[in-house]
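Take a look at these structures.
Okay, so subunit A shows up in both of these, paired with subunit B first and subunit C after.
And now, the complex of A and B:
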């Protein structure tokens, strides 16, 4: 766990040295590079996991409550 | 020797001219800018991953899903108890559009129709092993959920407002949220933050038949969310985020019982729960392979002494410049709640008790495949999709050794078909 955290911090710190210019970001603009390319699928998956598992899902928003857990 | 004010102003203007010349030197030619804009306009690329302006086209999505839980194994269920579990038909509808060059609007509506039996309580079997007693099969349960989203786009960020309602036969919840994001470092870095709240009212059914069930209870939850994302390269981006939730009020399950010293008692959980999730997401595009890799890891912990790990991996493969196939896998492992037991030989001193399998220790793996096919019809852009997922849970799949598996652990199949249209 500690190694993962160190890797993330180093990656974020190192990346600040070479910003990517707007005309270089065509790959980042692809729909399949979105955090959730399928919003409805992600919404349903989060709802099922929230109902059937004990964990609080990550990601923004509290969403609606339900009687499912 | 002190310099005069006029000299300092002249030096400042000279620095600004040098900075402007360097900026012009880095700008691409008009040809490169035109080619980049063309790439973003190709089918499938019209909606950027990190939009910094409202959608230029309205988009509508509809999904139908069929969720089917596996029947409980006969050796795990009490004699004469129902074995078939939940079957749910799910309809999801989404609409989003730009209302102006600064304002975006979105609407999500979900309707579910549920039938089947659910775990009720756990009793000791002939050899002391936990055995599941199921409820009778329900025939008619439904849930409708509606959420509205408004985005106001600034020059280097946006503000988002959400509000929604969720309604079931025995449940009513209202929720609201406010969030924002700001971009830095030539839009290579994005910081986000948000707050949300939900107010829930529970009115359990059949309280005449089951008098220990409460007639009406309330629950509130409050969320705070912080996130930071960073572009690591022309085809790589990472995001890490933390969400905290305070849940308070009636947090027990009014439909479940716990077997305590030979008799079933009501499910009793603390009326406060502090929860934290830490999620990190990584995205990388492989140009030569025309594919993108998604990797997510989430760690969760709460003050009921539960913690969990979730790993998700997905591969987005484009074929023939049109069809997209997405295989994915997910692994999940959770510990147990401090007060959880399959059944209790003696009552706990704090009065808490629950045999809900969702508070038990177990692990689960999930695998899936999704296909999406975009096409043009009547001068509009459409996409058809189909997906299948399989979820399997078990105590032997947990990261830590589990001595006693809860007999109510669930496995399920999920089938989904969908259509998307852009107008």
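And now, the complex of A and C:
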């Protein structure tokens, strides 16, 4: 009996982790909820970072290190 | 094979997934369920009031970028057809209807918008992206489901509406 009760409680509790429905994404759609509130600024920062670190970086463009790509 | 505890946990996990699965989306060929909801600017908006016309039912929200892009395009479509043949109905899904009213005061449209802050209607229609629109023929059957919106969707949409409007059965 206890085992079944635990099973039921676990099943009901786990189903509480429901996905956010498309029409419930109002808060997530706010600009301040974006990964990068300023995508252009982030790309520029990335470019400077990988140039100075002498690495290829994750952004577009080949080469690295010379700061000329 | 597995201990009872493991089997119980797996069964609980499967049951929880089954409980969390949303309702099936309305697809082409399904009959659109009738609804009646309060209008954003007062009154009531009901689907059955437009039976006999081709209806474009649009689910939108003020926070949704593609919805904002779609609204003027839908409005221009509406103006292309006779009101006796084609009608647009919108269902706004903002939790705070005041935000939708503010949005529409800046970008007014000539078609009615219902408000459903609790999201009962999109659940009933199985809306799975924003915006989602249903093109419903004169007899109340869904003939096209428009998920998302791009400018390039406008021409094929117009073509479909023209076909449905021409079908006077």
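Worth a mention:
In this section, the second predicted complex is superposed on the first by the 36 of 69 C-alpha atoms of A that agree within 3 Å, B and C clash if a C-alpha of one lies under 4 Å from a C-alpha of the other, contacts with A are read in each partner's own complex, and residues count from 1 in each chain.
Assume a contact is a pair of C-beta atoms (placed from the backbone, for glycine too) under 8 Å apart; a residue touches a chain by one contact, two chains touch by 3 or more.
Just so you know, these numbers come straight off a predicted model, no measurement behind them.
When the shared chain is aligned, subunit B comes close enough to touch A:53, but subunit C does not.
By the touch criterion stated above, A:25 is placed in contact with subunit B and with subunit C alike.
In the superposed pair of complexes, A:35 makes contact with subunit B only, with no contact to subunit C.
Touch counts on subunit A: comparing subunit C and subunit B, the chain ahead is B. Counting contacts by the rule stated earlier, residues 11-12, 15, 19, 21-26, 29-30 of subunit A appear in both its interface with subunit B and its interface with subunit C. Subunit A meets subunit B in the complex at residues 1, 4, 8, 11-12, 15-16, 19-35, 37-41, 43-45, 47-49, 52-69.
Contact residues on subunit C toward subunit A in their complex (touch as defined above): 8-9, 11-13, 15-17, 19-20, 22, 59, 61, 63-65, 93-95, 119, 122-123, 127-130, 132. Those residues of subunit A whose C-beta lies close enough to touch subunit C in the complex are 3, 6-7, 10-15, 17-19, 21-26, 29-30. Taken together, the subunit B residues at the contact with subunit A in this complex read 26, 28, 32-33, 36, 39-40, 44-45, 47-50, 61, 63, 65, 67, 90, 92, 94, 108, 110, 143, 145, 147, 162, 164-166, 168, 170-171, 173, 175, 177, 179, 185-189, 192, 194, 196-200, 202, 219, 221-223, 225, 227-228, 230-235, 237-241, 243, 245, 253, 275-281, 283, 285, 287, 292, 297-300, 302, 306, 308, 310, 316, 318, 324, 332, 334, 337, 358-359, 364, 370, 385, 387, 389, 391, 410, 412, 414, 416, 418.
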